[in-house]
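There's a structure below that I have some questions on.
Think of it as A, B, C, D and E in the order they're written, each chain with its own count starting at 1.
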Amino acid sequence: MLKINRISARIAGITVLRKIDTEFPAGSLLAVVGRNGAGKTTLLRAVMGLMPLQEGSISFDGRDLASVPAHGRAALGIGYAPEDRVMFPTFTVEENLRLPCDVLKLPRAEIDRRLEKAVAVVPQLKDMLPRSGAALSGGQGKIAALGRALMAGTRLVLLDEPFQGLAPVLASQYGESLRRLREMDSEVCVVVTESNRSLLRDLPDATLTLERGELAVGEPAAAH
Amino acid sequence: QSKPAELKIGITTFTSGPASVFGVPAKQAAELYLEDLNAKGGINGVKVVPTFIDEGVGGDKLLSEYRRVVQEQNVHVMLGSISSGSCNTLAPVAEDLKVLNILWDCGTEKVLEERRYKYVVRTQANATTEMVASVLYLLRQKPNFKTIAVVNQDYAWGRDSWELFSQTLKILKPDVKVVAELFPKFGASDFSTEISRLQALRPDVILSTSWGGDLDTFVRQSAQRGLIKNSQFVLPLAESSLERLGTTLPDGVIIGARGDHYFLHPVLKDDPKLKGFVDKFKAKTGAYPIYSVYHMIQALDGLVAGYDKAIKANKGQWPSTEQLASAMHGLKFRGLTDEVTIRDDGQGLEDQLLGTTRKTAGYPFPILDKIEIYPAEMAIAPVGQKSVDWVKTIKPEILKDPRIKTFPPVK
Amino acid sequence: MNQELFLLAVLDGISYAALLFLVALGMTLVFGVMRILNMAHGSLYAFGGYFAATLGLWAVAKGLSPAWSFLWLVLAALVIGAVLGTVMEVLLLRRIYHKEQILQLLVTFAAFMIFEDLQRMIWGAQPYFVSDIVNYLGVAEVLGITYTRYQLMVLPGVALVVFFGLRWFLKSSRTGRQIVAVAHNREVATAMGIDAKRICLLTFVAGSMLGALGGALASPTTSLVPGIGAEMIVLSFAVVATAGLGQIEGTLVTALLIGLARSFAVYLQPEMEVLVPYLIMVAVLLFRPQGLFSVAQARRV
Amino acid sequence: MSALLQTRGLQLAFGGVVVADSIDFALEQGERLAVIGQNGAGKTTFINICTGFIRPTGGSVYFDGKEITRMAPRAIVQRGIGRSFQLPQLFLEHTVRDCIRLAAAGRTGVLRMWTPLSRVLPESEIERILELVGLRQRADDPCSLLPEGQRKLLDIAMALVLQPKLLIMDEPTSGVSTEEKHGLMAIIMRVLDEQKITSIFVEHDVDIVTRYATRVAAWISGRIAADGKPQDVLGNPDIRRNVIGE
Amino acid sequence: MTRANLAGLALALIALAAPLAWPWLKTPVVIAASFGVAALGVSILIRAGQLSFGHAMFSCAAGYAAAFLARAMPQLDSALLLLVGMACGALMGMVIGLFVVRYRAIFFGMLNLALSMVLFSILGKFYSWTGGTDGIRLARSTFFGMQLDRDGFETALLVVAVLCSIVLALVVQRYQQSIAGQALAAVKTNETRLEYIGLSANKALWIGYVISASLCGLSGAMFALMQGLVTPEMGYWVRSGEIVFISILGGVGHPVGAFLGAVVFEFVKLYSAALFTGAWQMVLGFVLIGLVFFVPSGLSGLLFRKSKPVAETPAADKNDKGAAIAPAIEEVRS
């Protein structure tokens, strides 16, 4: 579904991604692991168009994303939960969740439907919906960010270090949610980055290892 | 001293800031005048080349620029300036630099009363003459008023002119009550509150020596709120706003001209020099000359007359700056209107013209009616005496002084 | 001070506050979303005023009824805001969003310097004044004092309409919500599908229009002279900082506070008039360092 | 009062959410306390109160026998509490070396403000500290170029340079990759032992807690739900259900 | 000796030598030195990320202090007046600093601006004491006990101004290497951490503020002596803006920058005022924009560029910083 063709990216003159070449197939759960600073966040940001590419290209359903502006990716069905959560503090959690669909000008009924589905996948959201986006702790924020990513991400969901800072109990609940998501929607592709391999357990179908901005050799690009 | 190839003069004038309403027309006048002068061969065969300095940049930058023009370009004659503040600043510097400085438009009487200058002269009247004449005109035209309020700009001119006006008024009509003294910020663009307050106070007379945008705004807002109909307005500097304000000014407002110049001067309006210039200026700029224009021409005429006198005294040789400066003192010359005399202290004697607005068919703005002209000699402190002391010695007889020229109403 | 004077001072204060509010609102809106303090905002005020006056003069020359003036005023503000706002955003600001805040401030300061001279080149140094609409609307008697209907009703009316309109817009409209989101975090907003570039342009243009609207509405009662904008910048800064940055309600309250204090100062202590806004600002910040209205900050440790 | 750090009845709520519910707590010299707990239970808030970042609405904090409840952070630091942060707090425009020096300057006090920064700490000392946390190669790089994990290391190093009596670390290993986690903790704990520094650290990783803590406190909704030996707390069924999960 | 120090020395020599050939240069050079000293002061704060749009108030106040004193005691030596100006700046900085160092970024800038406007308005309002907008003239007094004529006085002032500049640049350089100076630079990037290593951000800022205010004070006195005139204009906010402009033009990386900036500024202004009458502000505006776009580190950054690459402020950090400065238009929602 999403093809990454030998992309490189630089930040402040330093190359942080080197010729990454991989594919995210539909209906899979992929993990991107690597040490700190390996370039995991940068890879996801590149997919979201938040990071200019030095070379290479990314295509989605065969369409080159270079022609799609960064803000156009949500419309393609790509959802993103950033590493630092970022709930909009003046909206309630529910409004935060509705925002990406609202921006896409979806009909109200459709938004309600998606919201229902998100709550079904992540039951912890239910109590949080009326709370202010500013009043969440770190872990709650991660949950809410997941919910928001699901609202737009009907086809591809990118989660940046979702387990970081989660208490073990919440981490396993989070894993449950991801499983549920795949049960409910077998076509969706989920990409999770993680610096702490042990937290992932048996969740992913495949694992990509990043090392200093390079895909570690010997890893299968993708598998099912 | 040998004759220079060309005579460079520096002219400070406002080309930016609110006072550019005076500065820009005056600059145009200077260019017009010098074009003519140079076409006729300049001063004794020497062409005059002006360098303009913007006064609008503020006191200290003006000073830097003034110094630069004098020192770098080796200029010996400066015309400076419009603002009284600038005059007070520049006069001692000119003396220091030994450059002839003609105070060409500013009104402050203090500059020449506080110190005797060798190199600084003024080619027009000072504030004392202007304010005393304004009081006289008010008292002669509208003797029966009991209360007065003042709305002046908050800077030296607004304060000093009120000081002179109120002192003179106190001597000549001690029973008048001052009900409000308002000094809104210089360049203020809203007088609603001041006007509300004046409406509540209902003074018989409202004086404002403001000018430019401040005056325009004040008059317009007063007209909108009806204030101008209820109180007698006295606007000693409003000759410069007449054309701009158009029909906003109702009939009956007292207007001063800061001198005896007016394009419909009752005696000289058909004089070829005045009329010729007014027509030419109007053709070039589309507007009638205002007082700063007359003052500029007067200063340049004075300079030319001064050179002529100095060259004569120097047996036909080009004079040194020092000789020129001494020739300027005691000089008699004519600008566009009546003759001006420069006294020993460098102060010029210039008559004062005041009138009352009246709308006529001929112009899209009011003209001056009931014009009176006050000769300078009767309204100025003698050499060596300070104006603030002198105004206290004015006698009530001055109101009936036979030297005052009155003119019948315009038909 | 009797009751009559008191009411008068209140009326004066309100009509002045209305203008101040509009201008400051534009500045605070831009700051709230883009975190850029626009030093050239006062120039937009001046340009709005001059352009409205020019249109007004043209209309008078054409013999159009002054009733149309209202259209000119608003039209002038919209056009100037759109043109200058777009030019500034696209040519200058868009290139420096990622730079330090100090540099952003300096760029707008540079724009201010350029606009000051530009304005003089276009409109010269003569005062401009077009007051047909004020005369057309006439005066109302308030407690025996004549007061122009324009200042009594139009100015406060427009300010209130803009206030409630903007509140509603930010709260309830789709674009408004997007503006709030971009204000908080540009990158994540982009990931949510919001075109941050467009939103910034939109906000900046809207802010510019508000500044220009202030100028346009001031033009019927004010002479436009060079330097009028520089004055306004400092004053709206004072309002914006006192209000709390990005605070719309705060801006309204502060503008009223400053407007009223100013007019009372003219009655009671005229010497204090120019000092009043700054004294209020210092006093407020002394006790509420984040301004009158402020939101608790996100924790970052 | 013999405890090094003691709190009495700490009380704080954020808009209705109680994040400190009369916390009574005491820490003895030489302990290594791990703080675990649900997300949003109030762990960071507790640290923030103890270090003067937030003021509680009720209760008091004592350090070394003196009350420090309403003191400014720097006063508390000067009394001997150092801390590191959940999100590293660095001087991004300074080099790694200068960050260390500045941290040491804090120790030397205000009277030497005019001393050149370069003379605050002997070079050898700086090298030693950087060696310890593995940042020696990056000594002259600006902090802004460090990746998240190394920032975390520097953050901890800066707290260590202060030579505090008590070091409080907020999630020292979160965001640090698996490969480095254990090494990092081992080094830190060695230094703490050498210098006899008492410590508190917030940690989600049960492995690390078991291995390095002498005592564990578990937070649930603004309260300390369990406090004691690691095996006791980690074995507590309440904690297993609410914090660790099965 | 570094390249920057060499350049500073060369600049000083030129400043002393050029007026020998062209005597009219004395005024602009002294004025440039005066602006340079003020910009040096402001650049101290810029290094802490704090932009003051009101520092001209210290120059202005110092100028008036010197003028009042000279009026009361005409026999007072000019060198003493310079010191008085500096002391006045320092004193005011200490008092005002107590208040403003509690604020950061926009609030800091605006408070300074507001206070400078208070001073500006007072000077214009109370005209019986201050001479209103026209200001006060300073009569020329002795210089180091010598009664000098205009030319001699200007020369003496020139020499003193250049010497002061050199000494102050060295002092500031030394300050910036000190703990206090480095702590001030750290205020820009992380105050929380500063507090947690036991240093007070406010105190560091206060020290910097007082130093910068004294420099501006000296600058004001120097300016007043040169012009023989003080006006409220010296404290107008646009003047503060110009001082900031000069610091950025010169670059805050090295003390020489302030003086480079001042010289360039003074001459650009002088000649654009003469060549583009009525458009000199516009010229300066374009120069400033060009500067920000192409040489954000200023002239000194351009001339003595360090080899180290400077990281761009990352987008995420920027948003964070913004959030610290202002909580957006959020109230609307709650």
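Here is the rule we go by: a residue touches a chain if its C-beta (ideal position, glycine included) is under 8 Å from a C-beta of that chain, and two chains touch if they have at least 3 such contacts.
It should be emphasised that the depicted structure is a prediction, and the values quoted were computed from it without experimental measurement.
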| item | value |
| --- | --- |
| Path length in steps (a step moves to a chain that is touched) from subunit A to subunit C | 1 |
| Best-connected chain pair, where connection means C-beta pairs in contact | C-E |
| Geometric centre distance via CA averages, subunit D-subunit C, whole Å | 48 |
| Between subunit E and subunit C, distance of the C-alpha-averaged centres to the nearest whole Å | 30 |
| Subunit D-subunit E separation of Cα centroids, rounded to whole Å | 42 |
| Contacts with 2+ other chains: residues of subunit C | 120, 180, 184-185, 187, 274, 295-296, 298, 300-301 |
| For subunit D, residues contacting two or more additional chains | 53, 85-86, 89, 144-145 |
| Sequence positions of subunit A contacting 2 or more other chains | 12, 50, 89-91 |
| Residues of subunit B touching subunit C in the complex | 14-18, 20-21, 23-24, 56, 182-185, 187, 189-190, 192-194, 196-197, 199-200, 212-214, 216-217, 220-221, 224-226, 244 |
| Subunit A residues touching subunit C - in the complex, by the definition given at the top | 48-50, 69-75, 80, 82, 86, 88-91, 95, 99-100, 102-105, 134, 148, 152 |
| List of subunit E residues in touch with subunit D within their complex | 174-175, 177-183, 185-186, 188-190, 192-200, 203, 207, 308, 310-311, 314, 317 |
| Complex contacts: residues of subunit E adjacent to subunit C | 46, 49, 51, 99, 102-103, 105-107, 109-111, 113-115, 117-118, 121-122, 124-126, 192, 237-238, 241, 244-245, 248, 278-282, 284-286, 288-289, 292-293, 296, 312-313, 315-316, 318-334 |
| In the complex with subunit B, residue positions of subunit C that touch it | 4-5, 8-9, 11-13, 15-16, 120, 124-127, 129, 131, 134-135, 139, 145-148, 151, 218, 221-228, 231, 262-263, 266-267, 270, 273-274 |
